[in-house]
Each structure stands twice: as structure tokens, then as C-alpha cells.
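Next, two complexes with chain A in common: one pairs it with chain B, the other with chain C.
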Partner chain A sequence: MFVELNSILNTSPDDVTQREFILLSDRKADASFLIHHYLSFYLKAGCKVCFVGLVQSLSHYSAVAQRLGVNLVQAREKGQLVFVEALKASAAVMLDQTGGDVAQMSDYLRSPVPELRALFEFVRASLSQAEAEADSNSPPVLIVDDLSVLLSLGVSVRAVLDFTHYCQATICSQLQGSVVTLVRCDDDDDDDEDESSSHLLRALSHQCTLSLRVEGLRTGYCRDIHDQVEIWWRGTGENVQSQRKIFQYKVYDKSVSFFAPGTSSAVL
Partner chain B sequence: MLSEVLQGTESGGFVIIRDTACYSGRRLLKYYMNCALKRGEAVHVLGFEVPEHELCAGLDSNYLHLFHFHSAYTDPLGWTKQSLFTVKHFSAKEITLLLQETQHANDSVLVIDSLSWVVRHHDTVTVCQELQKLRKAGGSVRMIFGLLHMDLHQQGIVGTVSHVASTVISVTPMNNARYAMAKTSQRKKSGKVMQKEEFFSLPEDLTLSIETKPNQSGNVQTDLYTKSEVDPTSNLTFNLHLSEVEREAREKVALPFVFSEEKKSALLRPGRGSGRIMYEPDANDDIDDEDPDDDLDV
Partner chain C sequence: MAAPMENATKGTRLSGSSTSFQKKSRSKLIQIPGTKPSVHTGQLIVSSGVPSLDCALGGGLAVGSLLLIEEDEFDSYSHALLQYFLAEGVMSGHELFVASAQDHPDDIIKDLPSPLQDEDPDLKNASSSSPGQQDAMKIAWRYQNLPKFQSVLSSSSRFGHYYDLSKHMEQDLLQHAKIHTFYLPEEQPASTHLSGVLGPYSVLLHSIQSLIRQNGFDGSNSQVKTCNVLRLALHSLGSGLWGDDVCVSPAHNHALSTFLYVLRGLLRSSLSVAMVTVPTHLIRNKLLRGRLIRLSDTAIALQSFSAADRNNSLYKDYHGLLHVIQVPRLNCLGCEVPDTKDLAFRLKRKQFTIERMYLPPDLSDSVSRGKQHLSHWSSFCLTASSEWSRSSRAGS
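Showing the complex of A and B:
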């Protein structure tokens, strides 16, 4: 969890904004530090978290979380964290190793028309359960890292959008929780316009309430400034004005420092 | 022109509001819903994208009994078997049935939020046909409003769906956060097409304020056909037009080689001491033996 980001977003683990649909995206940069931020943020806030990891294994996430002061293994044993090892499950499905609940859930890769209904039902079941177990002060959270991997696995943009819509309708509206998703954009996938990750990103931008867009610096590599992030509060909810701000940042071992463009310590 | 969209009395109007992720057209949609409610018309919403409470917020609470939300938000595909209306039910027949369940005596307005959801799950041609059927059905549905996210579809699909509509409003954001620009093109039944660009601001309380685009304030209401005929005499460096005084002056000027009586008499009057040329051609004079083209190498 990065304190500086919390102060920019005007939030803290004691005061979690409910019903948020947060869209993280990156282009020619790496936004995974934001995934780690939100994972540790919501765990510290005491929320029940369902994490769908399509990019890394649990040990990777727990190693990073350890540095940020959160123990994933413990949280998982407590039942606060439901970790879906979709990375391993996808491979198992591809290699035709059947068996196990997770493989069942990744059935989407095999069915004639790939849809993510089984995955949604798993997410809903695991998060609604938390709702039943009382402690209703802390809203449930779904984090997906990341959605564009599903596209690479042959799931259509339409199926992914159906999945996110159901997640938003169930988790944000019914359970008063939040959804965090990451979409990675490549510049060279414009040839297939309808099935590209940029198309997915545009569609999700319509859906989201808060968008954090990480982009590489236009001037190229810099030692003191890693990349820039555009924070966009969308005016979808009541009383929220649409607002955009751009920050540059540098990622350190355990924290991130944000500053207005052109005001890094290396420049001034 | 934005404010006049709803005022037409003829039935079968179909309005598409096109937006992009940068600026949502949903608030404009809500403005029209609010206007229709205030006129005492029933508003039926097919809601796919936002929950009921979000769409309801800001609407006039005195008229909410006329507001009917057919929710396809929580379960648009029938996965959790919660809602009666799913995207599969998008057909003229089903929708007419749905409207008849809560039919009021007066006119009703159908709002589709959004068409993008429908287009994503149906064939474009089918969607256009069903919309056309709904328009022609007449009677219950006076007007249809639809929201379409332009940046989510191929250009051809956006064009096809827009052709069915009688009015297309495209909203785009301005640099100024308060104002946005709306490009309206309206096709009348007579075939006349009206186009207009307007700046508008629409705060939370849904009061629309419009400012016409400053650089074309003179001839805002342009017909498509006259617009294409540009006046070639408008930007000349010289004057092509005649004033009344200039015309009179021009008429007074005598043209050369036109013989007035005066001029004729002046020229033809035999002056005193004038000579006379006598010429008697000599027989040998004009004969030239030499070939004039001799030096040419023909």
C-alpha cells in the first residue's frame, strides 16, 4: 500500500470508498505496482478479497505483499483472501489435466463458445459467502490481474465485458463492494480492431468510476522518473465531477513517490 | 435545437445520442427523460448499463410514478435468473408486450440505455429491423431514445444504426470542463435535413443551457443543400455589383463604334478643300510572276 497514492485519491484503509469500479491500464509501461497496492490496501482495510491471478503465481504476489507489510498466506488461511490460481489452472486446462475445482472453473477455455460464466459464479459464491458471515462493514473486493491475458487465451472481448458487467452489477451494486481490474495495451494489436485489448480498454472506460492509466514517458527512459500516470475520476456517480490529473512517479522498494510533471528532484 | 428535439408532435421519432468514453451522453438522455416526464408522458427505460437508482437520481420526484425501469442491469444474459427482461428479449414484440403491462392512457417514450449493449449481443441488421418495427408500430410508443457509444463499434455499424434514427446527436467534450459540444442532425419527414452545432452545459439538476457556437452565429440554421452551394462572388477582390447611381452613369456612356446621328454627321460632313483620290489600276501593276512561297522548303 502506497500512502502517497492514498492521499492523492483521498482514501485510506479506514475509509474505503464503496461501489468503485477501478480500471488500471498500462501502455508501454508496467502498472503491476498498482495491483500490489490495491491488494495490500484492501487486505489492510479488512475487506474480503477475491484475487484472480492470471499473470503470476501466489508465491510472487505474497513475496511482494510481504514487503508492503501484508501476509497473503495468513490472510488466505483466515479466509479473508480467496486466491484463484488462474495461471496454473489455465495451463492445466490447456494440457488436459482434469480434476480440481479450479480447473472446473476455467472450463471457459474449452467450451465451444468461451464465456466466463463459471468464473463469475465462483467469484460471486466466494464473495457472497463473506457477506453472510457478518462483518458487513467491510465490503467485498474483486481484483483481476489481468484481463488482457484472457484475450490471449482465446476469450472474446464480448465475453470479458459480460464478465465485468456481471461482476460490477453483483459486487458494486448488490454487495456494495469494489472491483479492480488491469488491462494491458499493446500498440501493435490494432490490426484486429474488434478483438484488441485497446477495444477492451475503451469499453471498460465507459464502465469504470476511476481510471488509472500508466504510460511510458514520451521522451524515453529516465533514471529518476519511471513513468507517468493519468488519474481520471469519471463523473458517473452522483455529485462526482469528471476530473483528470497527470502525475509522474518513481517506484522505490517499498513506496512510490508521485509528483507533478516536470517537478522531479532530478529536474529541479 | 437541442431543446426542440422532444417537442415534435409527430410519432415515430427516434433519437440517438452518440458519445465516447471522454464525455458521457447519459446526462443528456436524463434531461430528455425529465422533459418527457414533465409533459406527463410515461417513460419506459430498458436499462442495461446503470442501475435504477443511478438513472433515477436527479429526475423530478413529482413525476416518478410515470417512470418505469425494466431492469436488465443485474442479469442481462439470464445467468443468475433474476430478471424478467434480458438482452435476448430485445425484439419489437417483446418490448411492446412489456410496455403494455404498465400502459397509461397517454403517450409513452422508450429509452434504451444503451444500444451498444444490444448491438454487442445481436446482429446489427436484426437490431435495425426491430427498431424500425417499433417505430412503425405507432400508438403506444411516441418516441424512442437510444444511447450509443461510438468508440466501441466499427464505423460501419455506427453508421447503419444511425441511419434508422430521425435525429442524431453527437456529444463531444470541450477544453472547458463546464461546456460540451453537441452536433445535432435532424431529418424531417419531408426529407429536409437540419444540422446545428451547439455548446451546452448540463449540471446535476438537469437544467440545460445552450450557447450557439460563436463563429457561425449568423447563419446557424443551414440547410444541407444550400450549404453545399457556396456563393462564388462572395470573396472577390473587385466589385461585381452595381449600385443604382452607377447603373445610371453606365447607361449614359455611349459605346464606341455605335454611330449616333451626331457622330455620323460629324464624320460624313464633307470638309472644305478636301481632296479626292483617283485611282486607275494599271494592267501590269499587280502581276507578280514570282512565287511568294519559293523560299519555303515545302
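Showing the complex of A and C:
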């Protein structure tokens, strides 16, 4: 959890009531630090978190979370965290066809027309269970890292959008929770391919309530400023006008510092 | 990212023998030859066989990660990198797995470069010349504290070996190494229904998985207690010889990306490290290249200069450019950022090195430079006629 980002977004782990659909995205940059932020943020807030780890192993996430002051293994044992080890399951699913929940959930790897129905059913089951126990007021949260991997595995953009739409309807509306997803773009913006991640990003931007877009610096590589992040809030209620702010940032070992463009300590 | 990596010592700096600091817990750890904990993340890393490449990638290749090399146009330099990677495995006593559809793996292994006996000639020269530099600068004293100019990337501690490309490795070294080969034309075609998703790569994936499982690299087989690293070298995936049509048709094809994803899952739960070369310039679907890069941990691209480009005086010292496209962020938030991304490689008579790219000094005399300036100026000048500027450039 990065304190600076919390103050920019005007949130704190003590007060998580908003139902949000947060879209993280990157282009020619790496936005994975934001995933770690939200994972530790919601765990500290005491929410029940379902984390779908499609790109890294559990040990990676827990090593980073340790640096941010959260113990994933403990959270998992307590039942606060449901961690879907999709990467680890992929090898088992592709090679062994052994049964089990995770193998069933990963049917997008095997079927000729891949769908995410089983994954959604699992997410809903694990999060509504928490709602039934209902010993705390904190809302359930789904975090997916990252959706664009699914496109590489042959899942269509349409199927991914169906998945996110169902998740938003169930978790944000029904369960009053939040959804955080990451989409990594690896193509040019003007590509008009149907199955490109840019296409997915545009569709999700239309859905989301808060969007954090990480982009590489236009001026090229720099050692002291890693990239820039554009934060976009959807306007609600009286002020329909959405807000937009751009920050540059630098990632450190345990934190990230954000600053207005051009005000890096390396420049001033 | 199995358990042994997590309790690896964090932040032990092994630079030189000047320090007497030693962590007490070191002796308890499992020591695998040819590996060391990374200075930045504590991750177990192995050398790629080219010390300057290790340096460009932040110390080395993390065990459990996947290095993607985008081949140069004629696959000559990427092939050399693959052989360095394997040779380093032989020298460190690691197990090797070589897969190819083009050259027979036995031929690749036969041609491995021989290790140099007098290690690292560059470093020796540097250390012998440094005491002579003690005399203080009197005029340009501000430059005194600047670090010594060094274009070749190298780290202070020695890690990995140097090889002589002009000689082949001796037979007895190769005989001691445990080498597994996979040659596509000699394999049985896949019979399972899975070949639909993974296409031509399902046989390859099955043999990798059974190797990892049988030899206990994932720690599941309790009878075999090997504590060794498996190096996987997969040559030219995606080329037509693998039976993949990504180079032929622009249609969406997920076989290669699915293979890389599942391979990544396998690597993560075992003591193995993979180097994959892909001829990305041949791939027709433009979305696929970015996806392959995202699915691997480290990605580099080699861009060799064709004969025409080498006539360019800017690049005359180098054989090509090295682009570090992606550096992994494993077990940490950030990654080690290099101070420059302008890297070039050069194949000297015997070895392959990666250097920071510098423009050569302009040593031409000032008269001709003055004329050159004039001709440039005139070509930018709007009023000058194009003919005049052309004639003046011809004169310079």
C-alpha cells in the first residue's frame, strides 16, 4: 500500500465503502506495482479478497506483500484471502488432466471455444460465502492480474468482457464490493484489430469508475523517473464532469513516490 | 520460485575480498554450483554465459524465469547466445535440455565454445592500469572524481565464464555433462487431444514436464534428491520447421503463446531456467510479438547490422544493437534500472561482448568540419537553392 497514492486518490484502508470498478492499464510500461498496492490496501482494510493470479506465482505476490507489510499466507489461512493460483494450475491442466476445483476453473485453457464461466462461478461462490458469514461490514473485493493474459490464451475479447460485466453486476451491485483489474496493452493504440488488448481496454474504460493508466515517458527512458500515470475519475451525481490528473512516479524497494510532471528531484 | 530461493541470503554483496563481512547463515544454505543469490532481490540467479549480458540484465537470469531472445535477421548472433548459455551450463555442472527443429541438438552441443583458461583479459588489464592513475590532475581537476571510462559492461564480482568461440569444447567436458535432447523430426507425433490447443508444441511440453518430474527438479520426486539447475534451450520456436504457421498466416494463433504460458508455470515451480529464441521478425500477426514478450520474464532483441548499415561510420565498431525490452520484477516492486539503454554488441575474434554504445570521436581535421557545417547549414537554409547545396556538399 502506497500512502502517497492513497492521498492522491483520497482513500484510506479505514474507510472502504465505495463500490468501485477500478481499471489499471499500462502501455510500454509496467503497472504491476498498482496490483500490489490494491492487494495490500484491501487486505489491510479487512476486506475479503479473491485474487486471480494469472501471471505470477503465489510466492512472488507474498514476497512483495511482505515488503508492503502484509502477510499473504496468514491472510489465506484466516480465510480473508482466496488466492487462485491459475499459473501453477495451467501446467497441471494442460498436461495431466487431473480433477479438482482449480482444474475445472481453468477450462478456458482446454476447450475449443474458451469461456470464463467456470472462473466466474468460482469467484462468485468464494465471495458470496463471505457475505453469508457477514461478521464484518467490509465489502468483498475481486482482483485480477491480468486480463490480457487471457487473450494470449485464446479467450476472445467478448468472453473477457462478459466475465467483467458479470463480475461488476455481482460484486459491485449485488454484494456492494469492488473489482480491480489490470489490462496490459502491447500493441499500438491505433491498431484496429478485433482481438487486441487495446480493444479490451477501450471497452473496460467505458465501464470503470476509476482508471489508472500507466504509460512510458514520451521523452524516452529515464533512470530517475520511471513512467507516468494518468488518473481518471468518473464524475458522479451533480458534477458529471470527470476529473483527470497526470503524475510521474518512481518505484522504490518498498514504496512509490508520485510527483507532478517535471518536478522530480532528479530534475529540480 | 520454489522455497530455496526465498531463504537465500538477502543483500550479501560479494564484491571483491576487501570486506570481512560474512553472513553466518550462509553455510546452512543449499549451494548449487554456478548459482548465487542476486544482490538486489535475493533471488537465486545463474549466468547466461556472457558476463556482459548478465550485467545488462541486472546480474543474471533468475532461476525459474524465462528469457526470450528475438532473433536477428539471420539467427547468427542469437544462435551464439544459445551456445554460450549451454556452455555455461556444462561448465557449472547443470543439466541441459536442448530442443530444436532445425539443427540436430547433438550438432549444437558439438559446436559449443571452449572455455578460456586465462579468464577475463579485459578485467586484468583494467586492474593493472589503475595504480598508475594515482597522480592528481592539476588543470582539469574537476574530472578527477569521475569514474573511469569503461564501455564494456562488467560487474565487480566474477560470475560466469568466458569462452573462446573459435575453439570447440573438449569431448571429455561434454561427456560429464547430463544433456537431454529433443529433435522434432525424431519425436513421435502427439496423439492426445491436447494437440489441438498447443499445436505442434504439445510433444515438447510433455517431454519437458516429464524430465522435470522424473529428475526431481520440482521437488516432487522424493527419491531423486538432485539439487541442480536444469537449463532449457529452445531454438527458433515459431519457425515453420516446428510446424507452426505464425510465420505464414496472419490469422490468430495461440499455440505458441499458450506454450510459453504453460512453460512459465512449469519453470516457476522448479529449479530450471529457459532460454527461448523466436524469429519475431517473421511473425505475420502483429499482436503476437507483444504477447510473447509479456509472457516471458526477460526479453531482449538482437538487431544485427546488415552489410549496408555497417558502412555507416557511426556503427563501424559494432555488429549490432541489443535492445533490453523487458527486465523481470520478481519478488520485488521495482527492478534494477540500468543507467543507459543504448547497448550494442560486438563479436570479436573470439568472444561476444555487449557494450554501452558511444559515438566515435570525430577525428577529422577542423577544415573539413567547417565545410561540413557549411553544407549542413545550407541544406537547412530555405533560401538556398537545392542545387547549390548539393554542389557544396560534393565539394566538402
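As a working rule, the second predicted complex is superposed on the first by the 252 of 268 C-alpha atoms of A that agree within 3 Å, B and C clash if a C-alpha of one lies under 4 Å from a C-alpha of the other, contacts with A are read in each partner's own complex, and residues count from 1 in each chain.
One rule holds in what follows: contacts are C-beta pairs under 8 Å (C-beta built on N, C-alpha and C of every residue); 3 or more make two chains touch, one makes a residue touch a chain.
Everything numeric in this text was worked out from a predicted model, so none of it was measured.
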Chain A as common anchor, with chain B and chain C clashing or fitting: fit
Chain B versus chain C as contact partner of A:91, first or second or both or neither: second
Partner chain(s) touched by A:44 [first = chain B, second = chain C, both, neither]: neither
Per-residue touch tally on chain A - higher for chain B or for chain C: C
Chain B versus chain C as contact partner of A:76, first or second or both or neither: neither
Chain B and chain C, minimum CA distance [Å, superposed model]: 17
Footprint overlap on chain A, comparing chain B with chain C: 193
Contacting residues of chain A [partner chain C, same complex]: 30, 32-33, 36, 56-57, 59-60, 63-64, 67-68, 87-91, 94-95, 109-110, 112, 148-149, 151-154, 184, 186-187, 191, 193, 195-196, 221, 223, 226, 251-256
Of chain B, residues touching chain A in the complex: 21, 23-24, 49-51, 54, 57-58, 73-77, 79-80, 116, 120-121, 149, 151-152, 154, 177, 204
Of chain A, residues touching chain B in the complex: 117, 120-121, 124, 158, 161-162, 165-166, 169-170, 173-174, 193-194, 199, 202-203, 205-207, 234-239, 241-243
Chain C to chain A touching residues, read off their complex: 1-3, 5-6, 194, 196-198, 205-206, 209, 252, 254, 257-258, 261-262, 264-266, 268-269, 286-287, 289-291, 293-295, 329-334, 337-339, 341
